[in-house]
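Here's the structure, in structure tokens; my notes come after.
Per-chain numbering from 1; labels A, B and C assigned in written order.
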Amino acid sequence: MSDTLLGIFSWDFIGSVIRVTTPILLAAMGALVANLAGSPNIALEGTMLMSAFIGVIVSGFTQNLWLALFAGVLSGITMSLVLAFFALKMKTDIILAAIALNIFSTGGTIFFLSTLTGDKGSSASVNSLVFPNIDLPLIKDIPVLGEILSGHHIITYVAIVLIFVMQYVLYHTPLGLRIRAVGENPDAAESVGISVNKTRLIALIISGTLTSLGGLFLSMGYVSWFARDMTAGRGFIALAAQALGGVSAFGVALGALLFGFAEALSYSLQFLKVPYEFTQSLPFIITIAVLAFYAYIRLPQNVKRRGAQSGETRNGRLFQRVWEYFSRRAGIRKGVDS
Amino acid sequence: MKEMHSDTGVSILEMRDIWKVYPNGVIANANVDIQVRKGEIHALLGENGAGKTTLMKILFGFEHPSSGKILYDGKEVAIASPHKAIAMGIGMVHQHFMLVPSLTVAENVLLGMEPKKGLSVGMAKAFEIVRQAGNQYGLSVPVEKKIEDISVGMRQRVEIIKTLVRGANLIILDEPTAVLTPQETVELFKALRILVDRGKTVIFITHKLNEVKQIADRITVLRKGHVVGTAEVKDMTQVEMSRMMVGRDVEMVIEKKPAVVGPELLCVKKLHYVREDKVAVLNGVSFSVRAGEILGIAGVEGNGQTELVQIITGLLSPSKGDIAVNEKVMRRLNPKTARKSGMSHIPSDRMVRGVALESTVEENVISDRYFKKPFSAYGIQSPRKITRFTKGLIDQFDIRVDSSKRSVKMLSGGNIQKVVVAREFTAGAKIIIADQPTRGIDVGASDFIRRQLVEERDQGVGVLLISADLTELLEVSDRILVLYRGEVVAHFDEVEGLTEETLGEYMLGIKRMSEDDLKGYSQETATDKEGMER
Amino acid sequence: MKLKFRIDTFQLYRTGIAIGIALLLGYIIIFFSKIPSDAASLWEGVRAGFDNANEAFKWFLLGPIVRWRGNEMLFNERGAIQWLNESVPIIITGLAVSIVFSAKQFNIGAEGQLFMGAVAATFVAVHFPAIPVLHPIVVILTAMVTGALWAVVPALMKAKLKASELVSSLMMNYVALYMGLFLIKTFIRDTKAGSLVSLPFAATAQLPFINERYRLHIGIVIAVVSAVVIWWILRRTTWGYQVRLIGDNINFAQYSGIATQSVVFQVQVASGAVAGMAGTLEMIGYYDRFLWLFSPGYGWDGIIIATLARNNPLFVLVAALFFSYIRVGAKIMGRNTDIAPEIVSILQAAIILLVTAEAFLSGLKQRSIEKRARKVEEALTGREVK
């Protein structure tokens, strides 16, 4: 038993966590930037699916990785542009527009797959390419550490770099300042001549770009083909990861990691004869529990009636709040002791 | 009255024949002409709802006119967005500040024109720019603090600096004094004078005549979306201005019989309320309302009135203290139990709480009694009886609407308030909490509502009236309390002979009655009482 | 009254135009995908494209109700029945969602509720003592209770903790999927069958048929009756009044003395109960065992249908019947040509985007309102207004 347990938490397991976290992480950062701008992007699922499909098709037909990358990212941006056009310009409810786009992707990828290849299930007949894994020079030779850090997929490394890039962009650049201002008080931004729609458009394009990388990873890294519905809810999981992680890119990365961990665990635990359905549903149960706990500690003291005052719900900086909660608890206990 | 229009002086702005029709069919501006001269302070005067703010939003590119022409510096312009307005040199300080609470003063001021250091925002430089801009016009601000941490007066300064760093030559201020303390108002007026001395032009939206007299050079008066006239302030008296504003002499003579006071209906005991941000908004307020009297509460907005009303009506739970109705302390006080105990409530924020805009007049007037007979039986509504009842109310309260099934959003402000009042006055209440019952509605409707309040009082109802309109308070109330910083600082059991000036001194914290005089109303005496009770 | 009527007609026009645009888009896509690559000339290719697209659209638009014998058009009984049967689950989810939407709550948990409902119903359908008439009723009630219970978690979190129901109800969908499949697999799997399906239901659990040959079951009757009942509850009862008032302005409802928290909770649970039976009706009507391997997606359809129907239960019927019609049409097209029926989701997406786009054609409406308002102003002031 302990051998098996050890086996679960092996280097392979860590590698597996990193692998399954990558697409969730990218999409979750896509969710973050869109949310901060006040234009939540629920179309992550459809965006991922579409770029996974386009990447495979373009690489299969052109045998060119760069073109596949370009087309895949472009398809993600196009999805965002359509969402932005309808939500910002045509005043469609952004959530409904996103649901429409998800429906479009689900059916559209199958339709075009079948039109182009004659197969409705997967792109097995297409000779598509994959993006490479990368060995980090020098680091790969360090024992243990090299095994963990080196040899991952190139998009995984890109994703890790993007955590820092996004944190910098959002909190240290003029663009980030504008995105946050537009999300927090669009009227204020508008009153100083910042176009709310333009800023949200930019945020959605960034969101689409990040998410499309996640999609490309799925079909050109994680596996080497496109299959119908292959995102399997990862776009929605990314939303949950963002809800957990709050408003900083680091927090969001932690949220994504939690889901990646749970998913990887569900594969490993199958060796222990734990039904995979249990482990598969674990991240969702954890999310519900954490959201509940998070909401609970954010409740104001005299919530009884205030709670009913408005329909407003809470979302935000989870880890910060949890930290505050525990430090407050600790403080109270200290007070009692002394 | 257009002949008052004179054309001396160089005009910086002219708006000609402006029309604005909102999607719901409401006409906010009709055939409006206005001309503003370079270097003047031009007051735009009018009652709430006269179309002042809409007109300025058009000027600032927030709204687009349905038709009309705008000339700026002699050239015809189309102002498609605030961006365009700013580029032309127009700045606006809105009634509700356009600031991002979690960002710093400097970030707010320079939003959209941030100095750069590499790819990042150059914070040090940003602080310097804002500090300098402020000092140049005598407006110093704490540049590194977050907006959520500074006072309202400070925030307004930030707003003005925002327009200045963007090169504004024409600055629009929308009711800037509404949220300020008297000292802050003085400071603001000083700053405005400096601005004008340095060549800026100011448009000042207000409905306060004394402010116009103090600060403005010329006025344009709007009424119901139309321009009534333009004039030099020095040529006009306040009475003349008020006539232009309201269209007739304000006759506020309400026949009032002496109050026949009955038992204590509502008793507020040592009420404390501390907001989530730790600010103590109410500090031990105590008073009572008796049957057959109107108790008025005076005070500058933001001195705890809102919280007081919300606590009494069960929308907010107090940090400390009790509410007793009919000498019974209310344990689980919420809107439902409050209404059950015989309270009705005319809320100050009628669009937020007073009505459901998409719903019909019928649905709005039965919202507190839908479950009772004859409006429903066994959980099933009786549409015909509801309609008949509503039609009765429409007649009785003179609500101008063609059908009881019209959705409330199609009604004018005054008529919406009449819907609220119709419901609250027919609830069979023993206590009526009237919070700013006539705010922002036309004179006719206001007069009607005041008379209704007095009539209810004559029927033996206890009325608590909270109003920013001192004339109204003095006219209607039998007793008056003054609330300042969450405390009762004065009480007058006799309204006869009391003047607005006297009330003003207490409201602004210049005067305060002695603890002896305040026995039973203020904190200290309240604690004494507690000691005696235990 | 007149003004209101005019705006409603406007909505009707707008929906019609949106559907027209979506169909045109579908036609264009089919046209381009059906230009043969080996056409002799461009002209030949284009003509073949038109011919193929016309043929495909004939099946798509008429297929559900028409079949051809030679050139003779006959009523397609089988297609029509498929149309009605397929509309049942989405009518039900549309109703479920329109209940929560009426209170302006945003619950996207119908998917999980109907899945869990169907799983629980399966157990009762297989094991419950077989009493005719009573059996299907118990099965449906079980599904409803389960759906309601599944809605309790996000509803409680919303009511007690003010946690956004958007994420929590979404998460519950996945939990339902995995837990449901686990329960079926572990306790009630038909080991003789090749794929993962449950044991067959007891014969007494089946819904009665209206047309036995093509399996038209009474689910459609239940759906229509539900729509009318829910319409009546929302429009005519005090509970429905509370729900609508909360949907219009929750602050006002609270101020008026309505227990908003508890009504919001009730709304979520009631919606869960309705959603719970969506899958079950199909399962004990058309099929005879549990055979889903994935979430069927009816919950998402429900959101769209409720939105298109503007939360009016009677319009839900129309919208769901329309959606089911174009889906069945697409399937019939897919059987008779080699065009993948999934093209219908492109059309659906276009319809949703255009119908819910407030700005779509809104210029027309605004102009007519302005004209009217000016006339009123003229009449009131007696002044000439341009």
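Methods note: contacts are C-beta pairs under 8 Å (C-beta built on N, C-alpha and C of every residue); 3 or more make two chains touch, one makes a residue touch a chain.
It should be emphasised that the depicted structure is a prediction, and the values quoted were computed from it without experimental measurement.
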| item | value |
| --- | --- |
| Interchain contact steps from chain A to chain B (minimum; 1 if touching) | 1 |
| Which of B-C and A-C has more C-beta pairs touching across its chains | A-C |
| Mean-CA-position distance for chain C and chain B (Å) | 46 |
| Chain centre separation (chain A, chain C; CA means) in Å | 28 |
| Chain C: positions in contact with at least two other chains | 251, 254 |
| Chain A: positions in contact with at least two other chains | 309 |
| Residue list for chain B, restricted to those that touch at least two other chains | 315 |
| Of chain C, residues touching chain B in the complex | 1, 3-4, 236-239, 241-242, 244-245, 248-249, 251-259, 365-366, 369-370, 372-374, 376-377, 383, 385-386 |
| Parts of chain A lying in touch with chain C, wherever the complex brings them together | 82, 86, 89-93, 95-97, 99-104, 106-108, 110-111, 114-115, 120, 229, 233, 236, 239-240, 243, 275, 277-278, 280-281, 284-285, 287-288, 291-292, 294-296, 299, 303, 307-315 |
| List of chain B residues in touch with chain C within their complex | 19, 21, 23-27, 30-31, 66-67, 313, 315, 335-336, 338-340, 345, 347, 352-359, 363, 367-368, 370-371, 376, 379-381, 383, 402-403, 405-407 |
| Contacting residues of chain B [partner chain A, same complex] | 60, 62, 81-83, 86-87, 92, 94, 96-103, 107-108, 111-114, 116, 119-121, 162, 166, 276, 314-317, 319, 334 |
| Partner chain A, residues of chain C touching it in the complex | 33, 104, 106, 153, 157-158, 161-168, 170-172, 174-175, 177-179, 181-182, 185-186, 250-251, 254, 260-261, 294, 300, 303-304, 307, 339-340, 342-346, 348-350, 352-353, 356-360, 362 |
